[in-house]
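Order as written gives the chain letters A, B and C; numbering starts at 1 within each chain.
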Amino acid sequence: MDILQLLVSGIANGCIYGLLALGFVLIYKASEAVNFAQGDMMMLGAFLGVTFINTSYADLPFLVGITLAALILGLFGYLLDRFVLRAIFGQPQFAMVILTIALGFLIRFVAGVIWGHDPTSLETPFIGLVWTVGELMIPVVDAVIIITTVALTAILYFFFARTRLGVAMQASSQNQMAAYYMGIPVKRINAIVWALSGVVAAIAGVMFAAKGAVEPSVGLLFGIKAFAAAVIGGLGSLPGALLGGLLVGIVEPFAGRYLPSGVGQIAPYVLMLLVLILRPGGLFAQISQKKV
Amino acid sequence: MSLLQVKDLSISFGGVKAVDGVSFTVEPGEVFTLVGPNGAGKSTIFNLISRLYEPSAGQIVFDGQDITSLPAHKVAGLGIARTFQNIELFDHSSVLQNLLIGRHCRRNTRWFEELLFLPKVRRSERQHRLLVEEVIDFLDLAAYRDKLIAGLPYGVRKVVEIARALSSEPKLILLDEPASGLSVEETQNMAWWIEDMQKDLGLTVLMVEHDMSLVSRVSNRVLAVSEGRPLAMGTAAEVQADPKVIEAYLGTEATS
Amino acid sequence: MSNRFKSRYDDDINLFEGRWHLAQYAILMALLLAAPWLLGTYYLGELTAVLVWSLAGLGLMLISGHTGQVSLGHAAFMAIGAFTNLALMLRGWHFIPALLASAVTSGIIGAIISRPILRMSGIYLAIATLALSIIIEDVAIIAEPITGGVAGVFAPPIALFGMEIDRYATPHAFYYLCLAVLVMVTLGYLNLLRSASGRSFLAVRDSEVSARALGVNVARAKTLSFSLSCAITGLAGALYAHLAQAVNYESFLVLISITLLLQVVIGGLGSVHGAFFGAIVVVLLPQLIAIARDFLDNAAGIKIAAYPGMDTALFALLILLMVIYEPRGLYGVWFKVRTWLQLFPLYRKGMFRRTRTYLKTERQR
């Protein structure tokens, strides 16, 4: 039973990792860039959620708060691409890495100035509610997280596989120049993807704050772990990201419980290193040899 | 004895046989050209010879030595140099540095000697430079010596790539479409240089080329390949007249 | 003054292009040697920090700037160097062998992990090294006999040439020690860059496939570059331990790894100068902010609240602007200024116009 309990909590945590990993994969799929500020955008989303929903702030209904947070972060993502990332359009992947790392630093600083450095939790309508199935206790918040994540992954998966826009996004990631010539509006697509990843980050953030507490520096390590999840999944695959997230989420509590203290928290990274070493392109590898 | 022997060479990518049982020999001092439609597997043959790809079957013998399972970085040292279809120069370095990297397979200093820059290293650097300067003279690149590759015109880059290959003092040089993207005048120069390489430097040249005027002018023998299989071998004129070659280029309708 | 004609091959082989170039560096060296008399104790300490971070930057520059393999985990090797040095000194080793042991240990550990790690490229390598840095953080807590656990280790004073060198008691001596190590490493670095190994690193950075075709053993070149890079960073870690006087796992957080990469980027990837420029910015930026704040307060009466992390944020903003407007970093700026001066009044505006590149997929290598 103990194991099942750990599993439930691990799956819920893993879903948040998975959501964030989705954000990474979205951007990677569309522009083959990695957004190292994804964790910090999630943190921003969490604080926005807190601001709209908590009674000490705006005290709006839960769903309205989430929607507002998602919209604002979506707009933030769009503007980010439009005014900052567009400036380095076409430069190598590495420039984007550095730029987003710097962005993360800035977002963290601004969040600290606005919301301070004390950990804050989100007041959800289902706070403290627990479903009991036999001896197993499932906090409602965990169930909500799991359902939201699965639904969101399904929607995004469908979007990329079936819609014209989704396919165009994939094309533009593989060769911007060629996509451009084919009449795909590469720049607009990038902006849409960033907006979309902002929305996903906001939802992940709200879930995060509902389950735990948010403060400005949570984004960094959480983001790295989510990135590890995306890499385990292979960076190019949405279901892979979710799977990677779940794997990281599940490994973490079990390693914490059964491995000596200190070793537990590095388990996700060790897992990722192993995956990378054994399959340098992730579990769903997409790297092929360059043609000469 | 032949300089290069390729026997029953095959490779497949994901079920597609890109090269399927190709055999040929290149004699010392000749210019041997591979022709064929796009996707015929010509560049793949080059990549197999320079050991960038692993053949699924067959054998490659160079200068009496079986190189079929040699690591790619050892090929240059034996005397095989190559150029690439889409130029692969070191863009952020100068022409001179690119050519000096070409000398890498002839290096005779170890890293810890270089760390201290022992007199031996200086002597070796001078020696490398001397030989590189000969190549610069040969290909008339003196004006570009200290220029960065990134700022050079396309035609010059093609020549620099050949210069880099020559810097390694090869016995056999593989030229992957040396004239692609060049103007008529530049192609003319390229023909002279290939002739000079053959006559003055005594090099053996294995070449992939589409420009038939260049092929006819410089090649001693031509091998036509299509869909990974050899079609015809002979002089440029013979190969061009071969019905199977014409069919491969123009499609099956042409013969029916 | 730049219109010198080269008449011998040695003109390209020598470290200095002629007398004027040599003189510039001689003056710089003289200034550095005179620094203890020119600066107060506090600023001498800051300058020592610049030297130490320059050394760490040089280490990262070798693998990331000159070999093209991005590492987001170099604080791990600073940690290995620092803890090795202190652990050995506390067990009675003399400073010099302990310092060399720092470099060798970091280098060997770097060599061991480089084979699996450097098979990755681009983003995968970045994240793998990042993970490495996080893992080392934890190892620094677990390996208590060596690292002192959570509490960390204090640096014992250095006994050298009959002197006792201590960062606070004898700041001059410690400064000269750091300067000597940095100068030696820089010379070795430059020597490597002007010979075959250095060229093979550049070749691997710009085109692995053609490097291989030219006879470069790509895996070996990467391993060599990575382990030398780790060794240099390990040296920097050892000196840093003595500069900080005490180190624990918090001295080498993953954030330090990230900052170190940002440091070499802001300095200018792929240039030795860049490592130094970057270190100057990283160390002196907080000073500048403090000075600016005091100045505004005293002169104009404007009070700026001291938000925590303001220097990091400003640093990040600087990086942001740099990536957008001057991807070659401070070295690029310096290069332009130098060219402007040399060509005055012939400098044209479009001289350094960048050619547009378009992102191609990195799924093909």
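One rule holds for everything that comes next: a contact is a pair of C-beta atoms (placed from the backbone, for glycine too) under 8 Å apart; a residue touches a chain by one contact, two chains touch by 3 or more.
Because the structure is predicted, anything quoted here is derived from the model rather than measured.
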Which two chains share the largest set of C-beta contact pairs: A-C
Chain occupying the middle, per Cα centroid: C
Chain whose Cα centroid lies at the greatest distance from that of chain A: B
Mean-CA-position distance for chain B and chain A (Å): 48
Centroid spacing, where centroids are CA-atom means, of chain B and chain C in whole angstrom: 40
Distance from the mean Cα position of chain C to that of chain A, given in whole angstrom: 32
Contacts with two or more other chains, residues of chain C listed in rising order: 209-210
Residues of chain B engaged with two or more neighbouring chains: 52, 84, 88
Multi-partner residues of chain A (at least 2 other chains): 292
Residue ranges of chain C in contact with chain A within the complex: 70, 116-117, 119-120, 122-124, 126-128, 130-132, 134-135, 138, 141-142, 209-210, 254-255, 258, 261-262, 265, 307-310, 312-313, 315-317, 319-320, 323-324, 327, 356-365
Residues on chain C engaged by chain B in the complex (per definition of touch): 9-10, 12-13, 188, 191-192, 194-200, 202-203, 205-207, 209-218, 224, 228, 270, 355
Residues of chain A touching chain C in the complex: 31-32, 34, 84, 87-88, 90-95, 97-99, 101-106, 108-110, 112-113, 117, 173-177, 220-221, 224, 227-228, 231, 235-236, 262-263, 265-266, 269-270, 272-273, 276-277, 280-282, 286-292
In the complex, chain B residues that touch chain C: 50, 52, 71-77, 81-82, 84, 88-93, 96-97, 100-105, 107, 109, 111, 114-117, 121-122, 124-126, 129-130, 133, 150, 164, 168
